[in-house]
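All chains are identified by letter, namely A, B and C, in their written order; residue positions are counted from 1 within each chain.
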Amino acid sequence: MDAAESRADPGPRGQRFELLHFAFHNSKLVIGLTVVLAFLLLAIVGPWLTDATPFEFGHPTGQGPSSENWLGTTAPGQDVYAQFVHGLRSSFIVGALAACVAAGLGMAIGFIGGYLGGAIDEILSMVTNIVLVIPTLAVLIIVSAYLSVGSLTSEAILIGLTSWPWAARAIRAQTFSLRAREFVSLARLSGQGTTKVIVQEIAPNMSSYLFLTFILLFGGSVLTAATLDFLGLGPSQVMSLGLMMNTAVSNAALQLGLWWWFIPPGIGITAIVGGLYVMNVGLDEVFNPRLRST
Amino acid sequence: MSLAVDNLRVYYRTLRGDVRALDGVTFTVADEEIMGLAGESGCGKTTLGKSLIRLDGRMRVVEGTVRLDGVELPLTADGAMNAFRFREVSIVPQYAMSALNPIRKIGRMVSEVLDSRGVSYDETLPELSRRLALVGLDDSVLERYPIELSGGMKQRVVMVFSTLLNPSLLIADELTSALDVSTQKAVAEMLVEFRDRGFVKSMIVISHDLSILYQLADTILVMYAGKLVEKASASEITEDPRHPYTQLLLASLPEVGVRFAEQRLSGIPGRPPSLLNPPSGCRFRARCPLAFEKCAEDPPFVEIEPGRFAACWKVSA
Amino acid sequence: MNRYLLRKSVLYLLTFFVAVTIDFAIPRLMPGNPIDGLISRIRADSTASQELHGYFTESFGLDQPLWEQYLNFWRGLAHGDLGPSIAYVGSSVSELIWAALPYTLALLVPAILLSYIAGNRVGALAARRKVLDNTVLPVAYVLTATPYVWLALVLAYVLAFQLGIFPVSGAYDFSQQPAWTWEFVRSFLAHWFLPFLTLFLVAFGGWAIGMRNLIIYELESEYANYLQALGAPSKLVRKYAYGNAVLPQMSGLALALGAVVGGALVTEIVFGYPGIGTLIIDALQNRDYFLLQGVFLLIIVGVLIANFIVDIAYVIVDPRTRAGIQGS
């Protein structure tokens, strides 16, 4: 902000208040957050609202939504609602876990490369670029084919291990620019070790950026997981939204017109990922005053 | 009168209210006068410079008129103001080194802008070459991309380009802040030469550096907290400042050859007031060593001697 | 050669090397033996299966030491030999890939190009008209958040199954043979349209959003401010902003290629389109390791080539890379 505006700067406590004020008034953030939280609520509470479990048979076959089966039933007689809410749970779990893995790796590599520079940075950048260029889906297909993913955790780890390069690059770029700032130089002059400087000086100043990165990774992971599950490469014993679509297609749901089987899973994914993306935009505006539209 | 500014008030909109960056300034700049505009950061000098050519998103003109060569400038009407920009009023911005489109050859950018303003590039080219040579660049610069030039070269290109249509008024915003001392001198001399050769009629040079203004300006206008404080010729300001603020400002400048042990630098204790809710009366009152009861009333900016203006009860008494 | 392109070439060669090695290593590091899988499919009796096991192991070269297999792998690559297919016994992997590749390219190339161009234009428009921005942007966000799979399903269900406007699967009608006849082309296009549309829509959303943000950023840049201070018409300012915004967008293109390829694969599966995607599914279901390896390699090579093309285009468009100076 220029000199005239710095006169209006309210100081740290006031800044936090201002942030919250902007946050609540930012329509994108509010809408995105609401959608995501709504589905999260559904994922947590939904399964308790029904006795049916996702894999059990015995329901009427291929019926549309009714008062007993709120989202209808699958061709072989399973409850779609139960599958849907359990699938939502899986999406959130995999998304969050994979994002953690990717963010963790991305931060480690991005911070170290960006801060230390030199040969280490060159090597890390090369590694990052190599993994970045290789299409994630191809790798995941190959690996999942052989590894037969058994649980959500392993699926999440797998996804995380292939989506970190993008985060690493972004974090590295930010670290570069922060490294040149005075407070970092001060810290280094006072003899603080590398890890300390990164953890105590650089990371906190990037906290908003890291948060935004995490949200984008979350959304991306949910999408990737859906595709993997659809290809039958996800855990087969755990219900997921992609798996629903997979079974629907192989059970001729398209031909039979059982739209309630494959439409809801996609709506769930689109809503969660869309909500996350929109939240991301809103948060960006809240954190960066320059982007605000007034 | 080349430029006549009358009671100009420009405020910045913020969440917490209006920041009164420019709170009623009135002054004139004569034909062929180079006026330096000095003051601390946040005093309103950049706001003044910007408002004369293009308001940015959050600025609004609350009151006041600006007349250039007798014609009122439509400051708030962006479209109408366009007719004046570049031709009558021009600016060499603070960010001159990054003002050129990085993916266009310089010559091409110049020709595209000129064409868009209805000026023939081919006809202007000879004059453009002459002026480039004047600042020590040759025509090959037009075939280069900005990235191929040094910072100083880019700044000179912008100086030549901004004055190409011989504007009546040129605003030079913090031209020398990013330069080393010898380059500063070269740029200052270039500006004076532009005026002497008639490329520009009058100039407002904005700088927080009084020493540079002393070298190139005819008159210096000092601002403080959005208001005018003193205006006089450059030599009068530096040798015989009247307003307490100007005096303290000059006293806080280090002198070459004087060692710290012999003479301590005096600053001005305190900080400038907030412009969100500026205090009533003289804005310098809180920090002024000469303040007395009358200062609770806002001192007008009056002529205390022929050609000298000041806003201070002590001085105008 | 240009420094920038040189660095990129080194990167791609390294990546290729790494990818081939991964491709080679994974099947051999995984539990299970591909020969076992093959034999169980043939369902030979125990004595015959012993012999078959030896035969196949030898013919696939799996009895040789690892490093020799690795070298043979590279040699085979140099000859374009990717091994035999297990799922489609009798065909070589290269044959299968050659047959399926044109269909995938027919989807990918137009989808990528058209969505990129259209997305950029619309994004740029949205950046300067508030009305357009408020309508286009939410739609774009929904599109980019939509999984390719699901959009494919929805389009297939509504437009093909329910409304019968488009055919349901395959690349062309059963009655047709590939030929340059009008009927074949019509049939081909009818089958091609929905998968193409799926890819186009999702990718379009991403580009539109990206471009819109970039344009907004460029419109606030210092050169834009200077132009406006000089009274240049907004048309010129927008033109300059667009030119500058295209550059990071191009880098984005290279990054997004991998994602679109993934999308194409699953879209083909939904529509039963005989491209690489369908090959993959068959390979997965039949544990055809050679086919999987070959397809993986193909995808990597394809993406690397595409990246390189984009890099060349980038050098042409951005004078800063040509000047060879890394910023002032």
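Just so we're on the same page, a residue touches a chain if its C-beta (ideal position, glycine included) is under 8 Å from a C-beta of that chain, and two chains touch if they have at least 3 such contacts.
For clarity, every value in this text was computed on a predicted model and none was experimentally measured.
> What pair of chains is linked by the largest number of C-beta pairs in contact?
Looking at every pair of chains, the most contacts join A-C.
> Determine the chain that sits nearest the middle of the structure, using the mean of its CA atoms as its centre.
Closest to the centre of all protein C-alpha atoms: chain A.
> What is the distance in Å between the mean C-alpha positions of subunit A and subunit B?
Computed value for the inter-centroid distance: 50 Å.
> Between subunit A and subunit C, what is the gap in Å from one C-alpha centre to the other?
22
> Subunit B to subunit C: how many Å between their CA centres?
55
> Write out the stretch or stretches of subunit B touching subunit C in their complex.
So the residues of subunit B in touch with subunit C come to 53-54, 81-87, 90-91, 93, 95, 98-105, 112-113, 116-117, 145, 147-151, 158, 162.
> Please give the residue numbers of subunit C that touch subunit A in the complex, ascending.
11-12, 14-15, 18-19, 22-23, 26-27, 29-32, 141-142, 144-151, 153-154, 156-157, 161-162, 168, 220, 254-255, 257-259, 261-262, 265-266, 269-270, 280-281, 283-284, 292-293, 295-296, 299-300, 303-304, 307
> Inside the complex, what are the residues of subunit A that reach subunit C?
126, 129-130, 132-139, 141-143, 145-147, 166, 219, 223, 226-227, 230-233, 242, 245, 248-249, 254-255, 257, 259, 262-263, 265-266, 269-271, 273-274, 276-278, 290
> Provide the residue numbers of subunit C that touch subunit B in the complex, in ascending order.
Those in contact with subunit B are residues 222-223, 225-233, 235-236, 240, 243-244, 247, 317-320, 323, 325, 327-328.
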